[in-house]
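Note that chain A is present in both complexes that follow, paired respectively with chain B and with chain C.
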Partner chain A sequence: MTQVLINGLAVGGIYGLLAVSFSVVYGVLGMVNFAFGEVFMFGAFGALVAAAANTQIAGADFAGPALPQWAAIGIGLVVGAIVGLLVERIAYKPLRNAPILSMLITAIAVSMLLRAVGTFLFGASQSPVPAPDLGEAFEVLGARIQPIDIVIFSVAIVATGAFWALVKFTPIGRAIRATAQDRDAARLMGIGVDKVISTTFVLGSVMAALAGILYSQKYGFAAAGMGFIPGLKALVAAVLGGIGSIPGAFVGGLVIGLTEELAAAYVPEGAAYRDVIAFGVLVLILWLRPQGILGRREVQKV
Partner chain B sequence: MIVKSSWALPRLTRLAIPAVLALVAVLLPFILPGDRWVRVAALALIYIALASGLNILVGLTGLLDLGFIAFFIVGAYTTAILTVQLFVNQLGFDPDTLWWLFPVSLVGALVLAGIAGCILGYPTLRARGDYLAIMTLAFGEIVRLVSINWIGLTGGSVGIRGIPPFAIGDLELTSPSANYYVVLAMVVVILVALAGVVASPVGRAWVAIREDELVASSMGIRTRRYKLLAYVCGASIAGVTGVFFAHMQQFINPDSFTLEDNFIVLSLVILGGAGTFWGPVVGATLWIFFQAIARDWTIVQEHPEFRTGFLALIVVVLMIVRPGGIVSRKLKLTRSGGDVERPEPRTAPAGLEPDPIEAGAPVLVVDTVGRTFGGLTALGSVSFEVRRGEILGLMGPNGAGKSTLLNVLSGVTKPSRGSITFRGDRIDGLDSDRVSVKGVARTFQTVRLFWQMTVLENLLVGAHERLRGWVPAFALRLPRHRHDEARALTEAGSVLEFAGVWDERTRRASALSYDSQRRVEIARALMTRPKLLLLDEPAAGMNESETKALASLITAIRDSGTDVVLIEHDMDLLMSVSDRIVVLDHGEVIATGTPDEVRRNPAVLEAYLGSDA
Partner chain C sequence: MIRRTTTAASLAAVAALSLTLAACSSSASSDSGSGDAEGEIALGYTATLTGDFASYGLEMREGVDLAVEELNDGGGIDGRQVKIVSADDEGSPANGPVVAQQFCDDTAIAAVLGYSFSSVALSALPVYDSCGLPIVASAVTSPELTGASDVFFRDVFTDAYQGAEMGTHVADGGVEKVAVLYQQDDYGQGVAEAFSTAFEEAGGEVTSSQAYQLGAVDFGTIVNTALADDPEAIFIGGFYTEAAKIATQLRSSGSELPIYGTDGAVSPDLVSLGGDAVEGMTVYSAFSAAAGTDASSAFIDAFTAKFDKEPSSWAALAYDATMVVAEAITEAGSTDRAAVAEALASIDGFGGVTGDITFDDGGDRLGELIFLQVDGGEFVAAAE
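Moving on, here comes the complex of A and B:
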């Protein structure tokens, strides 16, 4: 039981980080940036390539810098941030005043495009990721605990907390919140709205890339398609927590992570239907409360 | 009156494109070099059907569905499970004798996919567009995962083999050409039916919802129901297509439907032109043939991901450069262009019985109506009445609660307390589409037309309640509906003449001058045959002569038998046309009376000019 819970918290922490990315960008731009699943993937590969001595990129041999683990993670975060920034500048910026449907379609197309680029660069099959050296599994209350799970959960909590504090207490955070509430009013108050949106994308991308790196360390692989399912689950988490809210998104991630790990462990055939359960939760929520669990109803104005 | 129709000539040109396309489609197997290309053509047909189905949702109704393939999967597995798992494996039938089962499978798939569409569509009644997109994605994954993991029923990742081919009696249609023609027949039926539905009240309701949901419901359209209907229609098309696909392939497994197919079908709709009729057809044909050609290129063989990558790139660029897609021809939402001869202007709301309520008797009774938003009181306790045969002016300074009152009267917002009785029936608490059907129509403070539609199409939306009917009847193009529509068009012509904008009838709403937009909006409201018309600042933004002309139109509306409530900031207009005036301030009625009485009322002067005046 403890084992399952710890595992669920680690998985949930990863979903939570990614959910925060979706949530904060949704808050500012009012759109779901499906491409965060691919930023997640590029982050993982960025760290993997930076840590390796020699790898293959686009089928050609590539002498990696073989950086130490902490530096490689830093590179992964930077790669994710760059990908996120490029996506925002190239694909979304021209659509600032387009209908929401156009933006969503672009978002899904960007996600497919990045996945194809990922497949081209890193191959169609999974690349193994060496496990970080964190010592042996230890026993607590008769359960074997993997140190990586503890690390992942702690990192996720600290990162989300830092991110929340950034948005809550700093001038740039205030600009982000102002833009989220009313873009035009923010612009009139002298806030560089485009800059704020780009910053939000960069910050969100760093969170997504971090989630991707943690995911690849936990499961020992990286692959071009690795971001899709976690991305979808993170979206479920963000909706669960009331999209737009940072703590809500993170808690939503934990709920999804725990639910699916518990289901996999205790429901017959639960492992095979693990994903169905997470998505079933979403369908159920939107059936019962279309505005999300913590969301508020929007009032239409005539 | 002789109904002169302008069908004859346009009808010929209208049928030219489909006729040429049909001829090419029929000859295609003889033109294409070899069976491989005939198979490609058959696959293109499958995608044409899917893209056309998805277009109902994304293009016409403006609902994003990222899990559309789920309905296709439901259809394909329905026939596979019914035919192979049940009749062959369980009941021991010889698969070669099961050709009669095919229609049963079709009906089964239609029903099951329709149910799936309902399940998925239900939350759209209330959920926001982006939540919905996520949900469709999740729903698509659920169906796919179930098809992989429910091994007993679906054969798991192996799938189901031995699905009998298309057959008529003992004659098996297994050659690629035969398959092609069977699927072609399906596509033709789907497209013909779809064209019928698009050019009907149903199609217009879908587009109206996409353009402006609130206005659509104020025209009497039950918007929730039509959104759900869009899901059911799209899902049914995908389900039927799935059945044909399964019998064409003779096997299915989860690899037949990848996650990316959802995206591909969506892209084909966008590529060809979402919301056009031929867009999905063009998009699917171009892409499937392009993909088949590209398969021979070494770079694509080494990197199969380039295919979806390339399609994704096209979509991203397209959304920035040409969001409308390749086909730019706008949808025709009615089959007729209206009468060619200038009609008589409307004299009375057509088809109305003589009004049982005599002049001067109250028709609308507003009794102590209040509305609060959170802690803010927009309307305190408002009571007044509208009498038969009058124009009631509604005035008050900014923030007095006029717009809130109009929204409450038209069902857009519900009153927090009080009652509204219209001709004996309570209408507070009704949705705006029901209020419209009761005979209360409205216009909006800022003009809200369906900008992508022509003027006549806008007016036909106003006639929705009289024209609506059963979807299969529109798909079959029953003559009765064609007649109703022709009559409604004649009525629309005379309403336009009445409103002074008959000359604009074939123009797009977005191309009209401001004055004409206002008049068309009033004409569209009149098409609902209202007994009471609510006008929300109709003269805003008009110059002096336009305002004068508007005044005589408003008077003519009253004289033709429709009572009017007029909100207006232009005092000259309000004072000159109103029979009585109600003055609101801070959410309360402060004065009621004739224009002269109101003008002299000290409370009104104070509200407008302050206490020092």
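Moving on, here comes the complex of A and C:
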């Protein structure tokens, strides 16, 4: 039981980080940026390539810088931030006043385009990611705990906490919240709305890239399509937690992660149907609480 | 959900084995022409030669070409030269009957080789039945083809046959309790069921049997469940991407149990993704260039000399299929289709590069699998 819970918290922590990305961008733009699943992927590849001595990019040999692990993770985060910024500038900014449906379609297109770019650069098959050396697994209460799970959960909590504090207590955070509440009023108050939106994208992308790096280290691979399913689940987590709320998104991620693992462990044939069960829980929770776990009821402006 | 996944793209290669079909939009290419040249024996060759799943068809063709070259260099079959009439089925079941009719109408053709997809072969069978033209396929493994036609034979083992052989092999190795994990699709279910049945018949006990989805990455929980009943070994009925992760997560949970896999796990990527965790893992295959036997070494040398690469198992099976047909024509003493089909049915213990070949009443191959083991990052013949 303990083991299942620890595993669920680690998986949930990754979903939580990615869910925070979806949630904050939804907050300021009112749209779902599907491309975070691909930022997740580019973050993982950024760290992988930066840590490798030699690798292949677009079929050609490429001498990697073979950076130490911590520096490679930094590079991965920067790559994720750049991809996020470019997506916002090139794809979404021209559509700032377009109907929400146009943005949604664009988001889907961007996501597919980035996945195709990933396939072109890194191939269609999975690339192995060496496991980080974090020492041996240890036993607590009869459960075998993997150090990486502890690291993932801690990093996820700290990063989400830091992000939440940034939005809550800093001037840029205040600007983000103002933009989220009412973009036009924020502009009238002298807030550079475009800059705020770009900043939100960059910060969200860093969270998504971090999630991707942790994911690739835990499961030992990176692949062009790796962000799709986690992205879907993180989106579910964000909605579940009350989209727009940072703590809500993270809690939503944990709920999805734990549900999945508990389903795999205790429901007969659960391992094969874990996704069905996790998404079923979403439907159930939203039926009971349409605004999500920590969300506030939105008043539709007509 | 709005978006469609393409995550399976990396697995497309192996997925083709489980006979999923993608819509291939590619132009037909066929160098067909009637093989009426006096004295020449024509063999039909059809497979998916264009599109995403072309690699099997092209690799099979290499095996066929090598066999034809060797036959002709050795004076042909009964002194008659052999030529190939090729047609692309584009991976589409709708093209199955079209190609079959084309071969049926070409009276010079004595037998047909190839087929990438079971669905295409299935759709073509009624036409072959009507003209009595025998087929020796070398890549299609669907159980639906078993006994589907009197003129259909295949020298590739079915998934069920291979799974059962593995079950017996594991039981013979002294293992009494196995936990089974399998991919939830026709392929995984088929091999896992056959494995479990054979293993239990041999006196073993399957402690648990759990399905997982293709593309799953987290096996921590199902590995725990599998280990809870104290099995002596783990059997994985699935492809290399998941097998590598299961092995990794099994080892990091502290278990040193032996791992058994299937032909779906035979890929260099198993080792690159699984690393030390897959070391010692046992899998099976119909053919392996790395684990060459006496029978196959001459073939491997000749193939490498001609194509400058190691033969795949598809090339080897197609080579054998061609040689089996040549043997049957020699036995029959003519290219009469009915006589060739009869000779094929009575092939018994033909020594191929993939081992001895015999067909059972359903046209399926009987014979011995090669068991391979990962040793130092390479697949080598498993120690008995």
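As a working rule, the second predicted complex is superposed on the first by the 282 of 302 C-alpha atoms of A that agree within 3 Å, B and C clash if a C-alpha of one lies under 4 Å from a C-alpha of the other, contacts with A are read in each partner's own complex, and residues count from 1 in each chain.
Just so we're on the same page, a contact is a pair of C-beta atoms (placed from the backbone, for glycine too) under 8 Å apart; a residue touches a chain by one contact, two chains touch by 3 or more.
In this text, all values refer to a predicted model and were calculated from it rather than measured experimentally.
More residues of chain A are touched by which chain, chain B or chain C?
B
Once the structures are superposed on A, label A:228 by its partner contacts, choosing first (chain B), second (chain C), both or neither.
Both partners.
Thinking of the overlay built on chain A, is A:28 touched by chain B (first), by chain C (second), by both, or by neither?
neither
Looking at the overlay, what does A:7 touch: chain B (first), chain C (second), both, or neither?
The second partner, chain C, only.
Can A:283 be said to touch chain B (first), chain C (second), both, or neither?
first
Once the shared chain is lined up, is A:178 touching chain B (first), chain C (second), both, or neither of them?
A:178 contacts neither chain B nor chain C.
So, does A:112 touch the first partner chain B, the second partner chain C, both, or neither?
In the superposition, A:112 contacts both chain B and chain C.
Just chain B (first), just chain C (second), both, or neither: which does A:264 touch?
second
Check whether A:124 is in contact with chain B, with chain C, with both or with neither, and answer first, second, both or neither.
both
Once chain A of both complexes is superposed, is A:275 in touch with chain B (first), chain C (second), both, or neither?
both
Mind sorting out which residues of chain A both chain B and chain C touch, each in its own complex?
108, 112, 115, 119, 124, 224, 228-229, 232, 269, 272, 275
Okay, in this complex, where on chain A does chain C touch?
Going through chain A, the ones touching chain C are 3-4, 7, 11, 34, 108, 111-112, 115, 119, 123-126, 128, 131, 137, 144, 146, 219-221, 223-226, 228-229, 232, 260-261, 264-265, 269, 271-272, 275.
Contact residues on chain A for chain B in the complex?
Checking each residue of chain A against chain B gives 26, 30-32, 91, 94-95, 98, 100-102, 104-106, 108-110, 112-113, 115-117, 119-120, 124, 224, 228-229, 232, 235-236, 239, 243, 269, 272-273, 275-276, 279-280, 282-283, 286-287, 290-292, 298-300, 302.
Considering the complex alone, what residue numbers of chain C touch chain A?
Listed in rising order, the residues are 1-3, 5-10, 12, 184, 210-213, 215-218, 220-222, 224-225, 241, 244-245, 248, 252-254, 269, 272-273, 275.
Where on chain B does chain A make contact in their complex?
58, 62, 64, 66, 122-123, 125-135, 137-139, 141-142, 145-146, 149, 214, 259-260, 263, 266-267, 270, 303-306, 308-313, 315-316, 319-320, 323, 373, 403, 407, 412, 444-445
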